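Order of writing sets the chain letters: A, B, C and D. Residues in each chain are counted from 1.
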Amino acid sequence: MKNWIGAFSVIDFISVGILITAVAMNALRRLESCVKAYTLNSWLLSSLIAIVAFMMGETHLYIASFVTLLSKGILIPMFLRRIVKQIKVTHDVDPYISNALSLTISGILVAVVYTSLKEGIFVAGFSKNVLQISIAVIFIGLFIMITRKKAITQVIGLLFMENGLFLAGFSLTFGMPTVIELGVLFDMLMGVIILGIFTIQIRRAFASADLDKLTILKG
Amino acid sequence: MMITILLIPIVTAILCYLLRNHRLIGYVNLGGAVILSIVAVPVIVSAIASPIGHSGMFNGMFYMDALSGYIMAMVIFLGLASSIYSISYLEHELNAGLIDIKGLRRYYALLHLFIFTMLLVTAANNLALMWIAIEATTIVSALLIGLGFTKRKLAIEAAWKYIILCTVGITFALLGIFIAYYASIAIVGTEGALNWTELKGIAAKLNPSTMRLAFIFILVGYGTKAGLAPVHNWLPDAHSQAPSPISAMLSGILLNTAFYGIMRFTSIVEPSTGSVFTGNLLILFGIISIAISSIFILVQENYKRLLAYSSIEHMGIISLGLGIGGPIGIYGALLHILNHALSKPLMFFASGKIQAHYGSTKIENVNGVLSSMPLLGILTFIGALSLSGTPPFNIFISEFAILKAAVDKGMWHVVGLFLFFAVIVFYGILSGFGRMLFGRTQNTEDRAQNTDKESLSSGFWFMASDLIMVLMALLIIILGFRIPDFIDGTIKACINVLGVK
Amino acid sequence: MQYFQFLIIIILSPLIQGTIKKLKANMQGRVGPGIFQPYYDLIRLLKKDMVISNVTSWIFKATPYIVFTSTVAASMIVPVITTESPFDVMGDVIALIYIFALGIFFMALASLDAATAFGGEGSSREMTVAILVEPMMMLSIFTAAISAGSTNISRIAGSGLIFSPSHVLALTAFLVAIIAETGRIPVDNPDTHLELTMIHEGMVLEYSGRYLALMEWAHYMKQMLLFTIAFDIFFPIGIANNVEISGLAMSSGIYILKMLFMAVLMALIESTRAKMRFFQLPSILGGAFVMALLSVLTYIMMGK
Amino acid sequence: MDPESYLYIGILFFLLGAVISLLPLPKVKNYTYILSSTGALSFALLSLHLLFATPRNLFSAQISSLFNLAFSGDAISGFFVLTISILTFAVSIYSIGYIRDLKNKGLMGFLFNIFILSMYAVVLSGNIITFLISWETMSIVSYFLVTFDREGKSAKAGLIYAVMTHIGTAFIIILFFLLYRYTGSMNFSDMKNLSSQIPENLRNLVFVFSIIGFGTKAGIIPLHTWLPKAHPAAPSNISALMSGVMIKTGIYGFIRISMDVLGQGPEWWGIAVIVIGAASSILGVMYALMEHDLKRLLAYHSVENIGIILLGLGASMMFKSNGLYTLSAIALIAGFYHTINHAVFKGLLFLGAGSVMHATHTKNMEDMGGLLKSMPYTGLFFLIGSISICALPPFNGFVSEWLTYQSLLLGFKSPSITSKIISPLGGAALALTGALAAACFVKAFGISFLGMPRNKHAENAKESSLSMIIGMGILAFSCLLFGIFPGMVLTVLQPVSFMLTGLYGTPYQQGSLLGISETFSTISPMAILITLIVMSFATIIFISSIGGKRKIVYGDSWDCGIPALTPRMQYTATAFTKPIRMIFKRIYLPRRELKVSYLVKPFFVKSIEYKGEITPFFDRYIYEPVIVFIHRIAERVKLLQSGSLHLYLAYILITLILLLIFGT
């Protein structure tokens, strides 16, 4: 049992790390750093899955951990870096909300998630914390998408959301059937690639990587 | 057989992408759609009679019952209609130089992939597989929107908004599915815990508070995709920028496939949480959708956007019907799905032709359609009146059923609000299309010289597209007086599937 | 005898007009024409040739007959000296007013027919006055009708004298209505031919010869008829309710006195009042309308 | 034959007419209206069955497993079917000639037939969904007919019409649902039997909604605003049908719900109806007076006449709630009598206006004049219509207004003081209306048909074709017929009266006399007519015996010595109504602009421009502010979709957070 408790605390520890990287993302301005924050986030996620796999002794979780590391930890960051290079923008300055405020709001989001997910809903799983953290990460990811102006940062925000989603998935259910997991991952990968392509097209068509130019369609 | 149905559009897509001759591509596209219909009809008929599962390689992954059959039938019908319509539409675009052969190949390939993804949604037995399929529809259709037949910039903007909003939304839906999965493995274990066939049986035993949470995420998630306000914002942009046959598919059936997810899920959540919770949420979203869209319809200056907002309104009505519940409410909602899938595509098809003729999607630039293109004008009028819920057209019947269900439950506020906004919608639609259809055409002569009139108004495929529109208009009128027994029966079977008593 | 009482009105109406004129002249210190002058005028007119405007249509020619016969029809309904009127089933007081309206309607049309501004002016003003007068007349009759429990004019007359505050109000309003309907000062000046002031005269300006005679005669008849109606419904004392010779004789005598009274009253009003500006008419006619309305309401509230 | 076969034959004829019109047979198209008139005859036979037999179900079919289409008929429906048939018969014949120069003849024929069928369907509907489908079909088809010329102006009029009618329908739907909810049935007949189960306050609500809902269609003040815009925009044969019978379907709906289904209501229902009727009749005719567009004038008169009908119906309801069934029957008959009368004479007048427009290419009276000479028949028929609508004896309007007067006068017999006061006031309103109507039609007929032609078109006007004359002639003859034989109409009305009040035979008829025993009053339009004719002959004989044979010299009108009167010197319609405009300026709120430009100020005037208008009170102070308000809100709401993706994402976040906080 001790071993289990230890494992749980490790899981909590890592998941808090995931949350912190997500919150930190709010304050980052250099696109390079944003990608790095995401990479770190993904690695943490992958290692968490690996620990779960170790605890449960399930092979398919190892595979999941590996696939996560490969796609989210290596392939997607590489892809993002290439796009950053192509669109020739280095910084995402001038967000809609100031650093301090956005950090505060992130805090509030975490608080809201903690209060609204009441006790007693979740009886199984390893940790109530992990679920709440994962939902908080999803919300923060969404919040990043709301405050940032560059297309690429929005994609990163989306990726944070997905990491949070995976965290939730594994913390709740120890993962889905493999086929499904792969399908989900594949879908997301495709989504990110297409978003990347569109990012470049936005840069070309609008002569800017800023999304606030995309307000022609309204009413 | 189910696998065959899914394979046909993939094969068609690949063929379309590989071929080089635009006429040939058109025929292949049509052939694919026709073969699909022929193959699918017996499967759908048997699914409606009794649920069919699938064994073999994908054991337990696919499943069809009356509800899936009902939605699938619409996918296939609209797929066929759009394939036929696309031929003349794309020919025109090609001649007008708005698209090249490469774009044409991509268009047809994506069109059939799009059909495939939607078929997958209806055939999936697994909640997560369905989610994958729905996400796939987003990606494929985003590419179709991004093809940019109109202005490149606008197309990119619309596609970007579409893909971002829907992906965000659907992420939440996946979260909801995880939570539901969590609730279900507590009862059945990991095997098949996400299958309808399993979930249906254990729905009442699931933990209510967990399911409540799951439902919120799924409703917002799929609701985004289904175009429910206040998370509908991608819809007007995407619908207005997509090529008209694609707008027709988006509006007529894509929204319904997303809503199909909500429907399925509601039927699972309801036994544990009680119908008040799900009902109230659905009614809330329904009313907000109707309210917001009606106001936008009222002051809309772009007819394709107007139609898009009308879709939001109708999704709201469907949500309302589902939320009110009871056999009559669900009957109304399901009938409304069908009715909307007939009227809205008709309108988008018509608007595609209007756009081709007048070269604008602004209402103020279109004048005197009834004089310049009488048949099209009449068809547009039938569609517009149907959309505004006016008898003797189809949508009135389903709206009346939904209202009756509301009255049976004593929900007078719903009835009142609905009728209030219905009047605004009527005003908006009639004034918008009235301005386009009546009046004199001053500019027709000049414009006609610019666009190649030969390709526009003659030729076999042009007539075929007219014919399909006339067929839809006839269905709209007939369904306003008489719901044929087989549709009536199918809807009843669907109500059975959803477990409504 | 009762079959022919309407002839009294047809025959004697010019005499009433002559009497009023004579009285008026005397009051104003003039000698004035004799009381039979209207007869001479009518006979002379009947014997003259006619000049008719060539823009007119058949309406112009039919109108004198319609006006004349409708007035005759009206006088058949009204009991003059006996309430045993055989023709009163033909219509009641409401019908009576509408029969008058028929005449006015055609007269107004005919005056538009000649395409002159005078005709249009007369027609427009006549209809305006009618708008103000008709409801008032109707309401004051309502009072009488409600109190008598019938709208049949013979029944109202036969129900005897009912004297109540509401009847006084109604009678006052009715008198104003008579003045307006007969085209007398202060509403209209029957002696003028100045285009700015005339109403009735403007309407018959294009008529000549026998048509003019018919129009004028109808006008006289209408005047006498209105006097008669006023007495029938508000002061039916002395009217016979049988067809015995003695009763009729008695009632005839009283009837002549009544007519004389009205003639004096009219002459008095015409001599002492000045013609009002046309747009001041609504104040007097509106006042009378309110009075009529009050009379009905008073009757209903007070029961008398 | 049984009534169903008349129904099917009638439907068959109309459908044949509709279909044949759409076929590419240019010659045949003109004559499809013969089919319509035959169909109308068949429906007329059906109506007689319905009037004089017990209520019956005519037709029923399934829409889906939830709803049925059901048609049934009773005396009330029968009466309205008859009214529609009479007008349809005449209008169909008229249309043969009228549509000859029309564009899109085929579409016209199609819509014409469907329009009439839908009106029949409305009055024969047996349950609420059938009613709604028929009702809205009628509205939509008439919308297409209003916008038939496809001009922007008609499109706008049509839009206002369609939207107003839709608002009305919304109220009708709610009231139907209220009835359904508390009676548990969608059939009118079952509703009627179970209507006592409805709580009192909801009965009141149903009543109010029926006034709003059906009143919109009927065109009561202040819901009338669409009527003077839409009716003139339609082709004249359609205006005749719209004004003559379509707005009566609103009356039908009101009767069906408030008088038939709900049965007896509290006293204030009747009073409210009387007040609305009085307001509609006075304001309707007042606005009519100021119109110089012949068809708009007639349209406003429809508002007036609906008011008069409501005066009768309101009095009937009032008496019924006071327990005075005999009086209730009289007032009811007055209302119904006026309904059929208005159908006939308003139809006639619109057809006349159509002929005039056909000949002069204008609706503006100020451009007409002297038409009686070039169009003698049209002129005569228009005159008959005018006399009838002014309720002058011996034509039909007189009879029904007389009945209305009588019923209002009888209000003093009512035990309640409110009824006693309100009914003579209603009578005063009716009197004022009558006088105003007379002034209005002196203007309408005098300015357009008499005097000198005011322009070339009027001068060269030609009499209409034979079928148009026959069509009008039928209606003109009916005006006289319904006037001098009131007993004929009463026979048809007694079953209706029996159905709604349980009484037969009040008012009574005796020979040519129409009498009300309660007031010992009688009229005999026939006798009046005979008197007029006999006396005319007597007068002619008398005159020639005194004056002998005399010459008639034709000359110019008196021109004050100035050589030659020109048409421009004639009184205009504007001038004609000036005194009225001045007297009622509180109601009309007239505005005038005078622009004088000088060569040398202030001596030599170059030109004078005069512009005058009356304020369309309801449009300006009720409808426009509401529309502006809604649009302003809409512009605000539009900011929700500002184009910013970030905002949209925020909506998702906020929605979720709110749901998480309040949903779980």
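Details
By definition in this document, a residue touches a chain if its C-beta (ideal position, glycine included) is under 8 Å from a C-beta of that chain, and two chains touch if they have at least 3 such contacts.
This structure is a prediction, so every number in the text was calculated from the model and none was measured.
Any chain bridging chain A and chain B, meaning touching each of them, is among D; the list is complete.
No other pair of chains shares as many C-beta contacts as C-D. Centres computed as Cα averages put chain A at a distance of 69 Å from chain D. The mean-CA centres of chain B and chain D are about 44 angstrom from one another, to the nearest whole unit. Put simply, the C-alpha centre of chain A and that of chain C have 99 angstrom between them. Between the Cα centres of chain B and chain C there is a gap of 78 Å.
Residue positions of chain D touching 2 or more other chains: 638, 641, 645, 649, 652, 656, 660, 664.
Multi-chain contact residues of chain A (touching two or more other chains) are listed as 117-118, 142, 145, 154, 211, 214, 216-217, 219.
In chain C, no residue reaches two or more other chains under the touch definition.
Taken pair by pair, the chains that touch are A-B, A-D, B-D, C-D.
Across the complex, chain D meets chain B through its residues 61-67, 69, 129, 132-133, 135-137, 140, 144, 147, 150-152, 154-155, 158-159, 162-163, 166-167, 170, 173-174, 177, 180-181, 630-631, 633-635, 637-638, 640-641, 645, 647-649, 651-652, 655-656, 659-660, 663-664. On the side of chain A, the complex with chain D involves touching residues 96, 109, 112-113, 116-118, 139, 142-143, 145-147, 149, 154, 211-212, 214-219. The touching residues of chain D, when paired with chain A in their complex, are 638, 641-646, 649-650, 652-653, 656-657, 660-661, 664.
Looking at the complex, you find that chain B touches chain D at residues 160-161, 164-165, 168-169, 172, 209, 212-213, 216-217, 219-220, 224, 230-231, 233-234, 236, 277, 281, 292, 295-296, 298-299, 328, 331, 335, 368, 370-371, 381, 385, 390-392, 396-397, 400-401, 403-404, 407-408, 410, 415-416, 419-420, 422-424, 426-427, 430-431, 434-435, 438-440, 480-483, 488, 492. Residues 117-118, 120-125, 135, 138, 142, 145, 151, 154, 158, 161-162, 165, 168-169, 172-173, 176-177, 179-180, 183-184, 187-188, 190-191, 194-195, 198, 201-202, 205-206, 211, 214, 216-217, 219 of chain A touch chain B in their complex.
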